[in-house]
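Here it is, the structure in full.
Letters A, B, C, D, E, F, G and H mark the chains as written, and numbering starts fresh at 1 in each.
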Amino acid sequence: MLQIGGKDFESRLLVGTGKYRTNDEMVRAIAASGADVVTVAVRRVNLDRRDEGGILHHLDSARYFLLANTAGCYSADEAIRYARLAREAGFNEFVKLEVIGDQETLLPDVAGLLEATTVLAKEGFKVMAYTNDDLVMALRLEAAGAVAVMPLASPIGSGLGLLNPYFIRTIKRRLHVPVIVDAGVGTASDACLVMEQGVDGILMNTAIAEAADAVGMAKAMRLGVEAGRAAFLAGRMPRREVAVPSTPASGMLS
Amino acid sequence: MELMINGDRRTVPAVETVAGLLAALDLDPRAVVVELNRTIIRRPTVADTPVVEGDQVEIVHFVGGG
Amino acid sequence: MLQIGGKDFESRLLVGTGKYRTNDEMVRAIAASGADVVTVAVRRVNLDRRDEGGILHHLDSARYFLLANTAGCYSADEAIRYARLAREAGFNEFVKLEVIGDQETLLPDVAGLLEATTVLAKEGFKVMAYTNDDLVMALRLEAAGAVAVMPLASPIGSGLGLLNPYFIRTIKRRLHVPVIVDAGVGTASDACLVMEQGVDGILMNTAIAEAADAVGMAKAMRLGVEAGRAAFLAGRMPRREVAVPSTPASGMLS
Amino acid sequence: MELMINGDRRTVPAVETVAGLLAALDLDPRAVVVELNRTIIRRPTVADTPVVEGDQVEIVHFVGGG
Amino acid sequence: MLQIGGKDFESRLLVGTGKYRTNDEMVRAIAASGADVVTVAVRRVNLDRRDEGGILHHLDSARYFLLANTAGCYSADEAIRYARLAREAGFNEFVKLEVIGDQETLLPDVAGLLEATTVLAKEGFKVMAYTNDDLVMALRLEAAGAVAVMPLASPIGSGLGLLNPYFIRTIKRRLHVPVIVDAGVGTASDACLVMEQGVDGILMNTAIAEAADAVGMAKAMRLGVEAGRAAFLAGRMPRREVAVPSTPASGMLS
Amino acid sequence: MLQIGGKDFESRLLVGTGKYRTNDEMVRAIAASGADVVTVAVRRVNLDRRDEGGILHHLDSARYFLLANTAGCYSADEAIRYARLAREAGFNEFVKLEVIGDQETLLPDVAGLLEATTVLAKEGFKVMAYTNDDLVMALRLEAAGAVAVMPLASPIGSGLGLLNPYFIRTIKRRLHVPVIVDAGVGTASDACLVMEQGVDGILMNTAIAEAADAVGMAKAMRLGVEAGRAAFLAGRMPRREVAVPSTPASGMLS
Amino acid sequence: MELMINGDRRTVPAVETVAGLLAALDLDPRAVVVELNRTIIRRPTVADTPVVEGDQVEIVHFVGGG
Amino acid sequence: MELMINGDRRTVPAVETVAGLLAALDLDPRAVVVELNRTIIRRPTVADTPVVEGDQVEIVHFVGGG
């Protein structure tokens, strides 16, 4: 059971709703992922192309916990503004806080992120902070009131997988709030390896939406997350540079 | 009347409130959030919040995102 | 559905029965793994310690397909002798053929393996050949009549994981008979990564039996194998060295 | 009689067949396989296969293995 | 030729002076490393154990460019104080600025680091900033006036090597000031791999001082840095998943 | 000093002569590599295009030790035939023995290789056997009389680097004859890492010939091989998952 | 006189200047840097900088570091 | 005369020995090795080794290789 900001969730896999080829594929993929938490973004209504409705027509808000993000914001003020607008939409007080620092890599601006986290936490938001894999900043975000810290595996949409397992492992070992790895996972073994570091969950979008078969990959990711969590809890065997037979050497014929 | 809506100058039928504006734009008040001159309009107050010529209006909703 | 030598199996995870702390733990772990195929070894009856019965008292041979191995054999002749004894026990004509070439690493003697495979295939055995990750030898084993080729991920009992994904991927791409990776997997992400290479299944023993919680790891391995298979079939997203937003950049406020 | 069983010289009550030997050793013929002087004894023939003084006998069964 | 803050250096390998078993070994190792820049730290004079003199008795300050660090400082103010004391010692205006944020990992406090960099750059210091592998912070440090940015390969003294080549490569690609990788290198292949990312140099200490043969490892590191630099400039062959003969296939006998 | 089959060589880097853009570039690259041993192949004289002379016009056979290979041979008999022709050319009794088992990967046919090694060793050849990274076969080749065993890092011309350091390390630890890693190195850090496994040398061709600047890469490889060897001999520091300061923590100001 | 030097209360022969203090402590002024009551003393001024009872003095030099 | 040289049927001026053939082909005997009907011709014997109509000749030298 994953608990974030006092709320319980069954699944440790959180998913985004961007980049799907069709809304239908999105709906089926999200269902296959088993996710409880689904991220959405705040954008202007398009007054001219009315057909292009919002995402909520497609998501059962009774089934899914909608988590608004502040993707695309490049300053603390901008992210705060988007967070407030999202809250006014009235689903919940949670926000996946992003303050982007670089357009090419979409890496976070951790200074702006810390500032926005401090402000929003004071306003009663439950901030889930998208950050890099720096332990020191992760500790600061926790101290500033983040209910979850979300370090990256690799840059958003890159599919490069877990670039630095050691840093992620260290962050998890040192923080008290849940650690949800966000961004960069490319395939199921990445998700499994991430969970084996002991983290509490994973948020992903592109790896599912851009797979040749998004629904199939959503299922693979669900299994991969469960596998990694189960392996972490079970405690793996030691690595050895020398072989050890799994069959008894005694009792051989002469 | 003329308003700046979502970054564009637009001429809309004269309305008196945010609720009226949404109606004029054929938007469901429960599906959008309105920011009037950089101030978020709480949903319960859209009917009581006046809109005047030249106001800056942002109307947002949720879209797909990661 | 995994088909080996004309026989169908539901699960792509095959498990061994060695090194468990207790028979009870073994039985529960094998059940949790979901495996259909379970390996056993041929050894002398211990005439003095009667309590120490064979393994068959503990395994439901109606539920599981018992696969005899020739573990511990260091020559083609010895392996052939063990295979014949195993067949006489009368379960089936399948054998997991091992001809070990080095006591420290338990790496296969591929020359002896090829010789034994040729002899046993002619005698009607369905040979599943435990080999190294050499494509050329894998092709020879297939040509000699092996019904499955079983390259290693890393040495038996080492838990070093998949040392050479490229060679395993190449073997799978070139062979027609099923490729079952055998030995070396240490944790669930290893199993997932192995399956993502496209192979047909995995056989493991130590990684489950030596986990702190063998039953928990057995479940993790089942999930990891399913995750890797599903991801392979779904087709992963491309890796990119540049980030791509999963949320639309348009429609931002001004 | 004396036989070499599983690598050890053993004295067993005089028996005439493999089946008899298994009985004398209190072993279930369906649970083991016997190799007599390096020849595997097919199960159906254990009752007809003679055992004589000094024979080399291997009696095996299945144990746990990977 | 490496140029930092308007000063030219022959060697791209910078070395520390800590943790050597003896001063004699240190002197010989530094000579073997070929380094021009040597780091030292500011500490209280020990008034009671007079034998324990400072380091300068052992280093030829005509041969080596002494670079003071602020190791052990946990706040911007403290680091600024140490930098000023170091400058008063009168060697030069360069400082290797460290603001540590966590005692266990010795990872930098990037917020404090940025603050101290801004202050010291204004005072005319030539700041070489020890930071993590975050591109956004690296860009901020450059903008704040750092003459060199020094991202880590892995934590100080860990010997874990280059944990995240992708981030280091990205930092180098985007910055204009020299990028000197600092901390974490464990052996010569690490140094070579780091230089192949295109960075301008490497600063190390523990990998040399704690090698079984410090002098031998110093030489290995010099060669490794030169090898990596030369390979980067030469431009490596493409990686291929299919073999290509290096010997002509034509002209074979029949 | 590298000693193979009773002959001493200064350099641990052996180089091929194939695939260069021009003979002039080849000559300069080989000089820059510092190699003493240079491989060549036996092919039919082209009777029609006389200009296209053999390679020996370009190599100073006083300076370089010419090592004939049997590249392109797909059977023991064919490789033996080429080895005998090469010896008749009268340079020396050494041969780099290749028996290829697969056209796509150019992986060795180890059975044919072992057979040819046995025959040629009996005829007094000094066989340097190109093989895969299998320890058991490496031991057999040594027993069959090979004066050097040459396991691959990865397939010929692939540039994939050292796919399996563990197997190479194991082979070196167990053999008595020199172990020369052959094929697959792509850049200097690969060469350095290979030497750090303790092996006696490296033979490469494509990584130099196909670099954008072949002469520059030849120099990089020379340095990388020397760096890796020196690091291996010096004995690296231990890896640690926790940081250790290289500057004393005592003596801080209050 | 009594001073706080490098964190310890110490009694030293009465001196009037930083230069005098360094001499009393047998320290080479070119090898150390002095901070007096949190103010760095420029080297040229050590002879003109008075030291009085109870002053906080930090005397530092360079040690090995990475 | 007609010979099979390096896989091609070739007509060459009549020669009596391998040495003669190499001369006729303008090849330096020290730069090549000859295989005559699958037998390697030792260098010292090229002048004494007869070549006759229809012989299979392979003439090789060293080329670049890895």
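As a convention for this text, contacts are C-beta pairs under 8 Å (C-beta built on N, C-alpha and C of every residue); 3 or more make two chains touch, one makes a residue touch a chain.
Only a predicted model underlies this, so the values are computations on that prediction, with no experimental measurement involved.
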item	value
Shortest contact path, chain F to chain G, counted in steps	1
Shared chain contacts [chain G and chain H, defined touch]	E, F
Intercentroid distance (Cα basis), chain F paired with chain B, Å	73
Euclidean distance of C-alpha centroids - chain A vs chain F, Å	46
Whole-Å gap separating chain D and chain G, where each centre is the average of the chain's CA atoms	95
For chain C, residues contacting two or more additional chains	16, 18-19, 41, 43-44, 69, 71, 104-105, 107, 156-157, 160, 166, 205-206, 241, 245-248, 251, 253
For chain H, residues contacting two or more additional chains	7, 35, 58, 60, 63-66
In the complex with chain A, residue positions of chain C that touch it	16, 18-19, 41, 43-44, 46, 69, 71-72, 78, 81-82, 104-107, 155-161, 186-189, 191-193, 196, 205-207, 209-217, 219-224, 226-231, 233-253
Chain F contact footprint on chain H (complex, rising order)	5-7, 10, 25-27, 31-33, 35, 40-43, 58-66
Contact footprint of chain B on chain C as seen in their complex	245-248, 251, 253-254
Of chain C, residues touching chain D in the complex	16-20, 26, 39-45, 47, 50, 54-56, 66, 68-69, 71, 84-86, 88-90, 156-157, 183, 203-206
Contacting residues of chain H [partner chain E, same complex]	7, 35, 58, 60, 63-66
